[in-house]
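Working notes for the structure below.
Lettered A, B and C in written order, each chain numbered from 1.
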Amino acid sequence: MREQQHLLEVSNLNGWYGESHVLHGMTFNVGAGEIVTLLGRNGAGKTTTLRAIMGVVRKRRGAITYKGSDIISLPQHKVPWLGIGYVPEERGIFATLNVLENLMLPPVTQSGGMGIDDIYQLFPNLRGRDQTPGTRLSGGEQQMLAIARILRTGADFILLDEPTEGLAPVIVEEIAASLQVLKQRGLTIVLVEQNLRFAASIADRHYVVEQGVVVDEIANEVLPASMDRLNSYLGV
Amino acid sequence: MTEIFGVPFAVLLGQLLLGLINGSFYALLSLGLAIIFGMLNVINFAHGAFYMLGGFAALVAFNTLGIGYWPSLIVAPLAVGLIGVVVEKLLLRHLYKMDHLYSLLLTFGVALMLEGLFRHLFGSAGKPYPLPEALSGGINLGFMFLPAYRAWVIVASLGVCLVTWYAIERTRLGAYLRAATENPSLVQAFGINVPVMLTLTYAFCVGLAGFAGALAAPLYQVSPGMGSNLIIIVFAVVVIGGMGSIIGAVVTGLSLGLIEGLTKVFVPSASAIAVFLVMVAVLLLRPSGLFGRER
Amino acid sequence: MTLLSATAAAPTTRSFSTVRLFLLVAAAAVVLAAPLAIYPLFLVKILCFILFASALNIVLGFAGLLSFGHAAFFGGAAYITAHAAKVWGLPFELAVLAGVGFATVLGLVFGALAIRRHGIYFAMVTLALAQMVYFLAVQLPFTGGEDGIQSVPHGTLLGIVDLGKSTSMYYVVLGFTAFGLFVIWRAIRSPFGHILAAIRENEQRARSLGLNVERYKLIAFTLSAALSGLAGSLKAIAFQLASLADVTWHMSGEVILMTLLGGMGTLIGPAVGATFVVSMEHYLSTSGLPITFIIGTVFVICVMLFRRGIYGEIRARLLATRQPSDLGD
């Protein structure tokens, strides 16, 4: 048997939207229990990478292995049943479903998911809002709901796309705190983030993505020392 | 005897009852059309043909297999739903990514095939289907005589509409359906097999049409053309109500049946076009339909 | 896509246009000589449907609007023309004019109502409006119910040409059809045609360019209705009959099939499709096979397998092989 080092290994991943070639050979890996970020400018291909892993983007080439087995050839609806959860950038809260229905929508794919009470403890804002239509929640609450519904499924590997985008600093702190809790519970997270401070506060490693390829890898310990390098990538 | 605008009360009620019955069929069919449209983005032109198929399924089951009325209320929708599965898997699903007009044309072609086939096999003339024993009588309400079967048709179709509404708005399965209507790709990313869900939705709605056909069999005669004129009225109902809501489809269907009934009493010559006149008025006054949510 | 195909014939090489000229002359010769070999009234029927399908193609192919109610214009005009010729005793020209006038006004009214809704709703609205005409035709006394209006007099063209002779009828209908196709051809090549194409490609953009989208759609719809009416009027005179069959939704569907089968959005496609469908029905009518079933099957096959239609498919292949020389700038 092959030695199992990484939970997820992506190598030379290419991805297309129709004719347009967006990912040009992404290579990176994520170890069990790690929080790894994908950093990069807008349009670099971070969201597309997560979509390619989930199979939402169908036109792919290269290799994606999860727990040692290939998942590119898997039908799209089978991927979540490996315990992979997806929190999309646009949050994807359903307007025609109330908060409770939104929360209960994704099927439980593995044991070990959070119960409703744990979820309310983690995100007190969601308590007592069961009957509210999903999109009536504030942006921050919608983000919490989007994370919460994945935690309920038992997924232990979570793809999290820009959870702090457009949110007030207070809410960002709340979400950061909740991610710390998840990390303590041993969940593995791939985080796409623009907010460097937020990313530095919770991640173990960072990958820099440019035009559909990983161009650099930075450990979180050396992040402060690498700020100049990073800023030149991000064009800040 | 009381009269309203020179029309005997009993006659008025009788026509309203007939209108309500027609309205029940409009409601059952437009409900299915609305769900199919919401989920699959398809206007199912073959809906009338499936209604006809339901009538024939009941008739053939009765004549050749000796299956009576009550079991055929289950057998007919199942048979029609099965054909729906074939149509969806074999044909319809390959057109989802294309302009909606192609799926309309495809289902039109399917409607022609079914109607043509049944005309060839059974001839154009209507065939009677006997009233079920238990419902052959009637109830004297004092002011009018209510045939039991007609009462049953109204109760049964409204019951089915209500159950469908409940299932979609209040159950977990319904939540999947609503979510998949909004964002199928995300629902799929949660691990739900959306293509299978689409097939089953189509089969279920087409089965509803089959149920309506079986329900209609003892009331009207079973004939290959029974669905084709009905479907166009139902289209008008759908234009009037808009396809945004299930309740909207049911309410619009019933009301238009009643309006038709009233027209039959007061302006008999206009009753055939009453629904279309309402449609014109709605287009002029509220172009997106009464419950409209145009896409 | 269709925008390309509708205009792609223009930039051709010299040798290609010589071929086209040759083909055109050959086609004209065949069309003119056809009644020598084939039963003229059968040809007249084909011509009427060529005109009808080409008229529908203005909205379906060039403006991108699926009208499911064109039988109302075709059959409605047939009734008016038949009534005008038989009961009012109007001469051929005026009877046809009356039918076309009716179809034009009806097209204006239906169009104004239907363009308030888009896409699939547009199809349903036109279908329902046309069904209203069908119910009126069933009920109104002058249409003769199930029998229709029979024994419509042929009359004469300008008081000179006796249209009772089927060969003369053929040439007269041929003239009208050629006129109709010419009108369509001019309209499509004109700025009006380009605006229609722009609307079909991207209505939002056309609107943001300041174009009055509704007005152009309405003009296209009305023109299409008028020419469909002309086809129906000619059919009523040639076959001395206006009947319910011409106003049913089956008729609306059949003419869509002709257009689709031949090739939507091409000038020649609808003619090919009409010829194919009319001939098929003609030969099937004595075979005892279920025609409606076969028509439905052709419809399904066409939608599933070749949406570009017979002519559209052939032309796409031709263009693909010629692409380097023809489409190079």
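The rule is simple: a contact is a pair of C-beta atoms (placed from the backbone, for glycine too) under 8 Å apart; a residue touches a chain by one contact, two chains touch by 3 or more.
To keep track of the chains, here are their UniProt names: B = Branched-chain amino acid ABC transporter permease.
The structure displayed is predicted, hence computed values, not measured ones.
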Contact graph of the chains (line, ring, star, complete, other): line
Closest chain to the centre of mass proxy, which here is the mean CA position: B
Taking each chain's C-alpha mean as its centre, the one farthest from chain B: A
Distance from the mean Cα position of chain B to that of chain A, given in whole angstrom: 45
Intercentroid distance (Cα basis), chain C paired with chain A, Å: 56
Separation of mean Cα positions, chain C and chain B [Å, integer]: 33
Junction residues of chain B - those touching two or more other chains: none
Residues of chain A touching chain B in the complex: 54-56, 75-81, 86, 88, 92, 94-97, 101, 104-107, 109, 153
Residues on chain B engaged by chain C in the complex (per definition of touch): 37, 43, 91, 94-95, 98, 100-102, 104-106, 108-117, 119-120, 228-229, 232-233, 235-236, 238-239, 269, 272-273, 275-277, 279-280, 283-284, 287-288, 294
In the complex with chain B, residue positions of chain C that touch it: 66, 113, 116-121, 123-125, 127-129, 131-132, 135-136, 138-139, 249-250, 253, 256, 260, 290-300, 302-304, 307
Contacting residues of chain B [partner chain A, same complex]: 172, 175-176, 178-179, 181-183, 185-194
